[in-house]
Amino acid sequence: MLLSVDHVTRYRYDTPARSVVQSHRLTPSRFDGQRLLDWEVSVSGGLAGGAFRDGAGDWVQGWSVPGPVSEISVTVRGRLETTDLSGVLRGHREAVPPECYLRSTTPTQADQALADLAAQCVTASGGLETAHRLSAAVADAIVYRPGTTHAHTTAAESLAGGEGVCQDHAHAVLAMARHLGMPARYVSGYLHASEDGTLHEAAHAWAEVWVAGLGWVGFDPANRCCPDERYIRLGSGLDAQDAAPIRGIARGPGVESMDVTVAVQSVQQ
Amino acid sequence: MLSRTADNLYWIARRMERAETAARLLEVGARISLLPSVHGYRSEWDSLLRAGGMADGFAAKYGDPVQRNIESHLFFDHDNPSSVAACITAARENGRIVRTALTAQVWDALNTAFQELRALERRERSELELSEMTEWTMRHAAMVRGAIDATLLRNDGYNFLNIGYYLERGDSTARLMDVKYYVLLPKVDYVGSGLDNYQWATLLRAMSSQRAFHWAYGGEVTAAKIAHFLILNPQCPRSLITCVAGMNNHLGRLAKAYGRMTEAQELSARLLAGLDSVSVEAIFEEGLHEFLSRFIRDAASLGAVIHDSYLSGDMR
Amino acid sequence: MTSCFNEMYLQGAVRPPYARLEGWTRAMPAELRQMKQAEAEALFRRIGITFAVYGEGGDPDRLIPFDMFPRVFSHAEWTRLERGIKQRAQALNAFLVDVYGRGEIVRAGRIPARLVYQNAAYEKSVVGFVPPKGVYSHIVGVDLVRTGPDEFFVLEDNCRTPSGVSYMLENREIMMRMFPDLFRENRILPIDSYSERLRRTLASVAPAKCDREPTVVILTPGHFNSAYYEHSFLADLMGVELVEGQDLFVEGEYVYMRTTEGPRRVDVIYRRLDDAYLDPLCFRPDSMLGVAGLMDVYRSGGVSICSAPGAGVADDKAVYTYVPEMIRFYLGEEPILNNVPTWQCGRDDECRYVLEHLAELVVKEVHGSGGYGMLVGPKSSAAEVEMFRARIKANPGNYIAQPTLALSTTPTFVADGIAPRHVDLRPYCLVGESIDLVPGGLTRVALTDGSLVVNSSQGGGVKDTWVLAE
């Protein structure tokens, strides 16, 4: 599938900010399911900093805006060709050992309820089947409902509330998988949402679970599927904060506000 | 040099000088209050607080301006950022932060002042004479200043220290002179009387300048002579012109060392030119209080420009 | 502990390294000693060297007791220690490069993957990155204890930012000032080149992008930190800027410091700050002590950070057990210095042993430091032992246990004369282009009679440490 992305994030500062520094993971991963045609990230008034591919295989690019500025826009535009690999992250080069993703973080700490739910998903037929069940269990237990949770909601909280968004779904899968001793990580990316019934979130997140023999496999509880050609993978981490596509900070007393527009479209060939 | 280092050096100087100002204010106040007063005991202390810009903070905490409270406020009160105790504590902390930019002697002088202050604070207040407190402050301020002059490398750090000293001292002289204004304002008929002269003499004394004044001028003490001495005489170590010329000199040295001018040099040159061309008559015509207020404002703007040009760390 | 090794007297005779000290103590009447002691204290106060070593916290204006009786090593003793310490520092660095690279030692099954990759100090964000010259830990502090003439044991390694080196240098300074004769009579190897060697070590690991004389800075958490004195002391001796996070900023591909003349590029940062606080974009977002964007600059080769982020995984108390294995694996050598035998409570069989012998053992928290969270079995009450038993049972993986060693003693000035007190030793090994070690270290002494705890927060003091030229 040929997809185009147009993603603009605007930061506004009520008093001008100096030394704005950001770290981006805004370039699609290189693996057999994604082929980059053209891609460009720009920051208004920004200086591109050091860039490198990190141990998890993500392309990281630093930016700085000396300022003072009242507004900054981060623009991502590009096209890529995707292939459905049934969620398997084939051909992705990375150096971080899977064991690293067994560590839990504040939002992915398994409480008793998550542990119990995880235990119900264990099956003798192997890791892949267990992972599918985890994803399905989360989809059943946490109803997709925007606005019910916030950026710092933990997996345990969203399960207790029974509602959440893709971030909460992913955190819950991570907490449960790690509880079972299966390495799991948070993935941030985009989703082309055209089919009926698909949740309309162009900036999206899902989970990857390490399955012996297959490697990393993606699971999207929010849409009850594995990532296919509609998905664009950007980067991964231990949780949403660790995998954030944009991390930034500004110097100054001002308050920051942000708005985001994302469009992911299928390009006619 | 790191902007933060320069900033700390600048504040060591300003705070040590400010501690001295607080002590001098105390001395002026105590002397004036010994006079048979036209306003009654209280208002003189009150005018002192007003001149020091501390009247509101004082009223909120203590209410009545009686001597003991004033002493507490100007000397011991750590809530008053201009008190002797607060200034010396903060100056020593500034010094601790930039230990590597100071010589052992300067650090020693700052640290000794701080350690002795702690000992003073532990003593019974009833045992402490006001004169002991003020003399103690002047002595330590002088020791720090002396250690700086005798031992410190004449580099940019030395310039920032001096800029801090001169800026604060100019401000202090202007404020101390203004005390006189506050005390006298209600009764203009006292101008030129014996009482008036006594008050002027007290002011000179508080600036440790009584003798210097007599050597320089001789004869009768008049308001015009004193204003000339404290504002326009470059021989007087505390005069406004001496302070501005000092700042101008050290800003000039910075510009030379760094190979670039900033707005600060421009502003200080303008301030100096203004003092160079003004006469005592013109000052009295403008009104002493108005003139001093204008100077205090100008010095504050210069301080802000120095901050932006060197100390904030935001220069390109 | 009458059976422990006294470094000065062996079976009634004075051991050779201490030979000239006997006369010195005899010639010093009590009044003179008290006077000298007061003089030393005044000197320390004057310099302002008032801080807690090893991140123990506490009153920043507190003075650590200084004992004037020096601790002495013969040249031969030191030569062996030096070889052992360098060997260890080399192996620890090889380990770090390996576990952030291919992980050969884990693949070879010589250390459990869990211990490394699930370790909180293992830094995922630097995987695949080799710091300049392949050095992660540029200053390795190896804590040593002695139990006999030839028996030395490594108690722990400090690969992040070992502190206390300012004491090593100041102790010597003060001894030379107070007792110049001693230095004339004994041929004592000098240590004052430490700061220059440290500067050279740091400059030698400047990033490849640096095409001029590198600018080195020390990054301190700030003047409220208990080791602030040491940070400013080292900056002063090396002639480099002492910066706080707020003095640095990232722009483009580099890190700059804010100076009165505008931004100035920084090439090497000797940080005295934990990984977690280095960069709010990468680690703790609430940290005000670090520099936003620093890690991106570091990873893209714009600046060097010493010690390298992630170095902490090598000095974990559970990983410690495997250091001899590292030496064999990477260097193909046998360890010159031995580890203290250690039981991992995380292993069932070893935990059982520990619980059965709790009253004889020393128990430590895996991530603890400063002598806190520690049980010295033979010195503890039954209640304390029981308290630890409960803690170990609740979280066995968090504890290790070691036999209670009969730590050596050296003569120490005490209230009523001279008496033996237990000591340890921390030398500071520098790793850059080459491996370097000044002849000496920091000797800590437990001033309380019979005590084995040398931490300054718990009644410990410090001594000058001599290495004789022959």
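Details
Letters are used for the chains, namely A, B and C, taken in the order the chains are written, and counting of residues starts over at 1 for each.
By our rule, a contact is a pair of C-beta atoms (placed from the backbone, for glycine too) under 8 Å apart; a residue touches a chain by one contact, two chains touch by 3 or more.
Here is each chain with its UniProt name: A = Transglutaminase domain protein; C = Circularly permuted ATP-grasp type 2 domain-containing protein.
Fair warning: this is a prediction, and the values are worked out from it, not measured in the lab.
Chain contacts here run in a simple line, from one end chain through to the other with no loop closing.
Across A-C and B-C, the chain pair carrying more C-beta contacts is A-C. Centroid distances built from C-alpha atoms place A farthest away from chain B. In terms of their C-alpha centroids, the spacing between chain A and chain B amounts to 60 Å. Separating the centre of chain A from that of chain C, both taken as means of CA atoms, is a distance of 41 Å. Our note on geometry: chain B versus chain C, Cα centroid distance of 48 Å, whole angstroms.
Listed for chain A are residues 66, each touching two or more other chains. Of all residues in chain B, those touching 2 or more other chains are 314, 316, listed in ascending order.
The touching residues of chain C, when paired with chain A in their complex, are 100-101, 103, 106, 113-114, 117-118, 120, 122, 124-129, 249-253, 280-282, 285, 292-293, 295-297, 299-302. Only residues 19, 21-23, 47-52, 54-56, 60-62, 64, 66, 95-97, 99-100, 102-103, 238, 241, 247-249, 251 of chain A touch chain C when the two sit together in their complex. On the chain B side of its complex with chain C, the touching residues are 1-6, 93, 96-97, 99-100, 104, 107-108, 111, 156, 160, 254, 258, 310-311, 313-316. Contact residues of chain C toward chain B in the complex are 46-48, 223, 228-229, 232, 235-236, 241-244, 246-247, 257-263.
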